[in-house]
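Two complexes come next, and they have one chain in common, subunit A, joined by subunit B in the first and subunit C in the second.
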Partner chain A sequence: MAMIENRRRKSLIALTMVTPFVVTFSVFFLYPMLEMVRMSFTDAPLIGGGKWVGLDNYLKLFSDRLFTISLKNNAYFVALTVIPTTAIALLIALAISRLSGVRQTVVMSLFFLPYVLPVSVVTEIWAWMLDLQFGILQPVISLIAGKPVAVFKNPYWVMPMVAVVTIWWTNGFNVLLFIAGLRNIPAELYEAAALDGATTWQKFSRVTWPLLWPVTALVLTLQLILQLKIFDQIYLLSGGGPFNSSYVLLLKVYREAFQSNNGGYASAVATVLFVLIVVISVLQFQLLRIRRNA
Partner chain B sequence: MRLIKTILLGTALSLAALPALARQDVIWWDFLSGGDGVRMKALINAFNQEHPDIQIKGTTLEWGVPFYTKVRTAAAVGEGPDVMTYHLSRAPLGLEEKVLSEITPKDLEEAGLKTGDFFEAPIKAATHDGKLYAVPFDIHALVLYYNADMLKGSPYLDSAGKLTGIKSMADFEAALAWLKNKGVPTPLTYQSGGDAGVWRVFYTLLAQQGGEFVTNGEVLAGDNAEKAAKVIDIMSNWREKGWAPEQAEYEASVALFSAGKSAFQLNGVWEVPTYKDLEKSGKLGFTWSAVEVPPFMGKRATWADSHAFAIPNEGDKTISGEKRAAVMKVIGWMEKHAIGWADAGHIPAYRPVTESAEYKGMQPNATYASLAEAAAFDPQTTITGVASPAYDAALNIIAPAIQGYMSGADAVQQIKDELQGKLK
Partner chain C sequence: MSPMKRIENTVLTVLTLLAALVWIFPLYWTFVTSIRSDENVAGNTSILPDEFQLKAYLDAIFNTKLTVWYVNSIGTAVIVTVLVVLISMLCAYALSQIRFPGRRLLYGIVLGSFMVPAQTLVVTQFVLMNDLNLINSWAGIILPQLIAPVVIIVYKQFFDSVPKEMREAVVLDGGGEYTILFKVFLPLNWGITTAMSIVTFIGVWNAFFWPFLVVTSEDMMTIPVGITQVNDAFGVAYARLMAVAMLAALPVIVTYIIFQRRVTEAIMISSGVKG
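Now for the complex of A and B:
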């Protein structure tokens, strides 16, 4: 009897603790999301209801050139950021883990610092560093291109440079995850490997890499989700141009909804992006797990 | 407890007592920061001092899409302002969004205004299906600023030191070549790396050929496409020859002129106070003036827009009765005191002010005021106007085309592809 009562009390406590989250989640996420999906089947403006138009908005996507361009640009951006940022973060984490004490803390915070900055500050810093007339990085660009380049106004430079800015900005968090992963690897394993005469490379490829794989898979998946949602940096640095070379899906959602007053169509684009992120990230995470288990 | 009750009761009583004073608070939203904003705030303060019974409570919000999104969302739930500033080029989208409340003849009467007292172009831009939806406050347009000291010794300055002899593109380009030869780094400056600056110059040169951006629901139809391509090629050529700056942001484009690195500037009238102030404090170091953009391409035409006053349509909550009368009184007073606004460079849309002796004595304002007759407003569509898809296309397509990434003809084709689908 006492046990049942105990269990009931426990579930009551659990329920009270979960409720705030469930309520907030439902009100601020679940409901708007369902509303978005519903709206995507209507011709609603940004505010107010609209008529049910079935799949019209989705069919329209196929003939919308800008949608195809955005899709490609999103893919391009993911290619430019996800694996590079993960690799760089791993390298930095490996380097930092060789340091110790205060020195480690200082270097770690240096790498983490950009992550603390708001996006507007980050883009402002880089816009000035890369400014055509006054940018301190222009000599470096001149070395590569032969002359100063207004990078955010150049169709070839814009996406790679937004990727550089993004990696610089968000890398610290990945470094932190990797350091946590590295600390979880027991030191005895390295001692045993050393006793067996393993080289540094063997220690990395046979001990560190396999044991770090769950963290790597996590970082890759988080990055994929994050980078598919690219918006702020593009909006602030290039506005989608030039010639739509940095136009991405979220920018399309924003412009359709807030500039052109097409709430229904914007919802359709948003729904597609949402489904895309869910499918790709689940797929990727599963694939990465299979690799680990194999 | 008793204390709290007393306080509550006291508050309730004092709140109830307020209407007895019959003071109307008018909630006012605008997007005017910078030099414009200072002058507008001065007008608001003057009004409030003169009218103890009506008090304007002003809020300045961010210009462009943020302002218009906020207006729309606020109006939809009945939390909008009582009166707001509005760009007339944005009126078609405003009507589609149903955020504008009709200004009836009775309203105008309350304000002591008549549509006949205004310049025709802005009234036309504020009228839809025979109904007026905003009261124009000014006309602001592109003008040609010049640095008279730099032009000394050229045939383009008359004996009084005024600009002369520039009647066509050939004349203008000859002047630019003359300046470049003389060692002027960037003879002509404009915001070549931003949406608004590129659009204003582009639209002016298009309109000067009699070209139209949208005709019968088609973007750059027929020979308008060639005219537009020609404009882009001309702007491209300016950059290639080193006459105009590469990818200049707005502030940089203004700095080029004020620092004496450019002899000409194509920019809006709103920079007039900047140079006036610099001149007054002795920091400018050269003689300058501004004129209506000469008919470079044959016809007199200048890109223009208007700031106007509008009342948001909030359904059942749209202001009416005494509040509405108070708002109209505010609008009427502002129009009649628009000389304070002319000081910001803008041309008052209310003709009695523009025709007054006081305005005629303002320089260079009175000189370029002639452009009111040649004002070319953006077409009345939902894809043009402030912060519109057309502005995006200017930044996304025209600006890089000018940088040499694309020919005028190709750029025009891309503009058509981009914007046609958005035109409902």
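Now for the complex of A and C:
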């Protein structure tokens, strides 16, 4: 009897501890999630009810050219950022891990610092550096293009340059993960390799790379998910232009909901993006787990 | 070490240092621009600072709503940080230390919500905030940012590894679960609490998308949203813009420099690379 009593009392205490999370989660996360799906089957404006239209919004997506463009641009942006930032971060991490003491700390902070900046600070800095008339980087652009270019107003330059800005901003995070991964590799392995007369390249390809692969896979998948959600930098630097050449899915959600007042349709686009990201996350989770168990 | 090897080493080190300087150059250039006068900014490609004046900063402080945005940012960021840590710590403690019905389900939900992209929920979150009359309010900015599954997962990991004997000692003295949490588990894990608080603070300070949607009145804006207004108000005046950028970034830069090791640690732990 006392045991049951005790257990019930404990459950009650547990309940008081989890309630704050459960309530905030249900109200501000779970409910909006279910509402998003429900709304995507209606023709509701942003505020105020609408009527049920079944799959209409989803069918409309197929004929919406801007949706196709957004999807393509999202894929393009992923291609421009995910592998490049992973490669650059690995290279920087390898370079940093050679250093030691204060020198290592300082160099690491220099590479990491941009990551702590607010996105609008980042975009303002780069808008200034790439200013058509006075931008300090325009000589570099001229070197490539032959003349100064208003990069964020140019359909060819806009996505690669947003990618450059994004990599500069977020790369420090990846560098940190790689440094942690490198630190986890036992030093004895390098000593053994050195005794066997391995070259620097052999040490990298036989020891570092295979042992670092789980971290590399983690960085790649985290980046893939992160870059699919691109909105801030695009909105602030190019607003999706010129000629929709940097229009992406989350921008589509924003414009449909908050500027065209199509709550239902915006929810359908959001639901597609939502499903896309969840599917990738689940696949990634399974992949990482398989590797860990293997 | 052979002379060849030594030269190679030096060259690599110098290259790394150079690369780091190139990487931080945009921030340096922002600073140099911000301490110049407006007339001296256009077309000035001298890399070294050739002028030191704070006019742009004074302009930014007195002729924009920067101070109002500061108050909003500090207020919301501090509240979110305290609440996130508290809510997550409590939930993680129950998940880790108490057997109660629904425990596994709840942990499953926490792990699952970790994979859900919150950014896609903004439309209906906005509708909800509108229904609750919280548009243009601190509560509107704060509430959806309180859900941080990562913090719960990290806390649970740390609580799981606290030795059983520690809690039993308190139980023998007649202490309840809350006593165990606040007298034993919290002091044992101060490091992780500091680390989680700092990264949460930086994250909330920098949040753009949600505050940008839920706030339309200039007086309620946070720093990252507010500074995008300066552009429109001034036209293109880069010295002032860069001064605003420096002021907006200052709190997070200072926080990072002071708590560097904690930030590094927190990121490594919460991404699971180092447990």
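The rule is simple: the second predicted complex is superposed on the first by the 256 of 294 C-alpha atoms of A that agree within 3 Å, B and C clash if a C-alpha of one lies under 4 Å from a C-alpha of the other, contacts with A are read in each partner's own complex, and residues count from 1 in each chain.
Note that in this section a residue touches a chain if its C-beta (ideal position, glycine included) is under 8 Å from a C-beta of that chain, and two chains touch if they have at least 3 such contacts.
Predicted model, so just to flag it, every value in this text is computed and none were measured.
Q: Touch check for A:Gly239: first (subunit B), second (subunit C), both, or neither?
A: A:Gly239 contacts subunit B only, not subunit C.
Q: By the touch definition at the top of the document, which applies to A:Ala75: first (subunit B), second (subunit C), both, or neither?
A: It touches nothing on subunit B or subunit C.
Q: Going by the contact rule set out at the top, does A:Gln133 touch subunit B (first), subunit C (second), both, or neither?
A: both
Q: Is A:Ile83 touching anything from subunit B or subunit C once the two structures are fitted on A? First, second, both or neither.
A: neither
Q: Just to be sure I read the superposition right, which of the two partners does A:Asp64 touch: subunit B = first, subunit C = second, or both, or neither?
A: So A:Asp64 only meets subunit B here.
Q: Just subunit B (first), just subunit C (second), both, or neither: which does A:Ile47 touch?
A: It touches subunit B and subunit C both.
Q: For A:Gln259, decide between first (touching subunit B), second (touching subunit C), both and neither.
A: A:Gln259 sits against subunit B, while subunit C stays out of touch.
Q: Report for A:Pro155: first if it touches subunit B alone, second if subunit C alone, otherwise both or neither.
A: first
Q: Subunit B or subunit C: which reaches more residues on subunit A?
A: C
Q: Would you check which partner chain A:Ala194 touches, where first means subunit B only, second means subunit C only, and both and neither mean what they say?
A: In the superposition, A:Ala194 contacts neither subunit B nor subunit C.
Q: Determine where on subunit A the residues touched by subunit B overlap those touched by subunit C, and list them.
A: 46-47, 133, 258
Q: Okay, in this complex, where on subunit B does subunit A touch?
A: Residues 65, 69, 72-73, 76, 93, 96-97, 193, 195, 246-247, 252, 382-383, 387-389, 392, 395-397, 399-400, 403, 405-406, 414, 417-418, 421-422.
Q: Can you tell me which positions in subunit A touch subunit C when the two form their complex?
A: Touch residues, subunit A against subunit C: 7, 10-11, 13-15, 17-18, 20-22, 24-25, 27-29, 31-33, 35-36, 39, 46-47, 92, 95-96, 98-99, 103, 105-114, 116-121, 124-126, 128-129, 131, 133-134, 136, 168, 173, 176-177, 180-181, 183-184, 215, 218, 222, 225, 229, 231-232, 236, 250, 253-254, 257-258, 263, 266-267, 270-271, 273-274, 277-278, 281-282, 285.
Q: Once bound in the complex, which stretches of subunit A touch subunit B?
A: Per the touch definition, subunit A meets subunit B at residues 45-48, 64-66, 132-133, 150, 153-155, 239-244, 247, 255, 258-261.
Q: In the complex formed with subunit A, which residues of subunit C make contact?
A: Against subunit A, the touching part of subunit C is residues 9, 12-13, 15-17, 19-21, 23-24, 26-27, 29-30, 33, 41-45, 86-88, 90-91, 93-95, 98-101, 103, 106, 109, 113, 115-128, 130, 143-144, 146-147, 152, 176-178, 202, 205-206, 208-209, 213, 223-225, 227-228, 231, 236, 238, 241-242, 244-245, 248-249, 252-253, 255-257, 260, 263-264, 267-268, 271-274.
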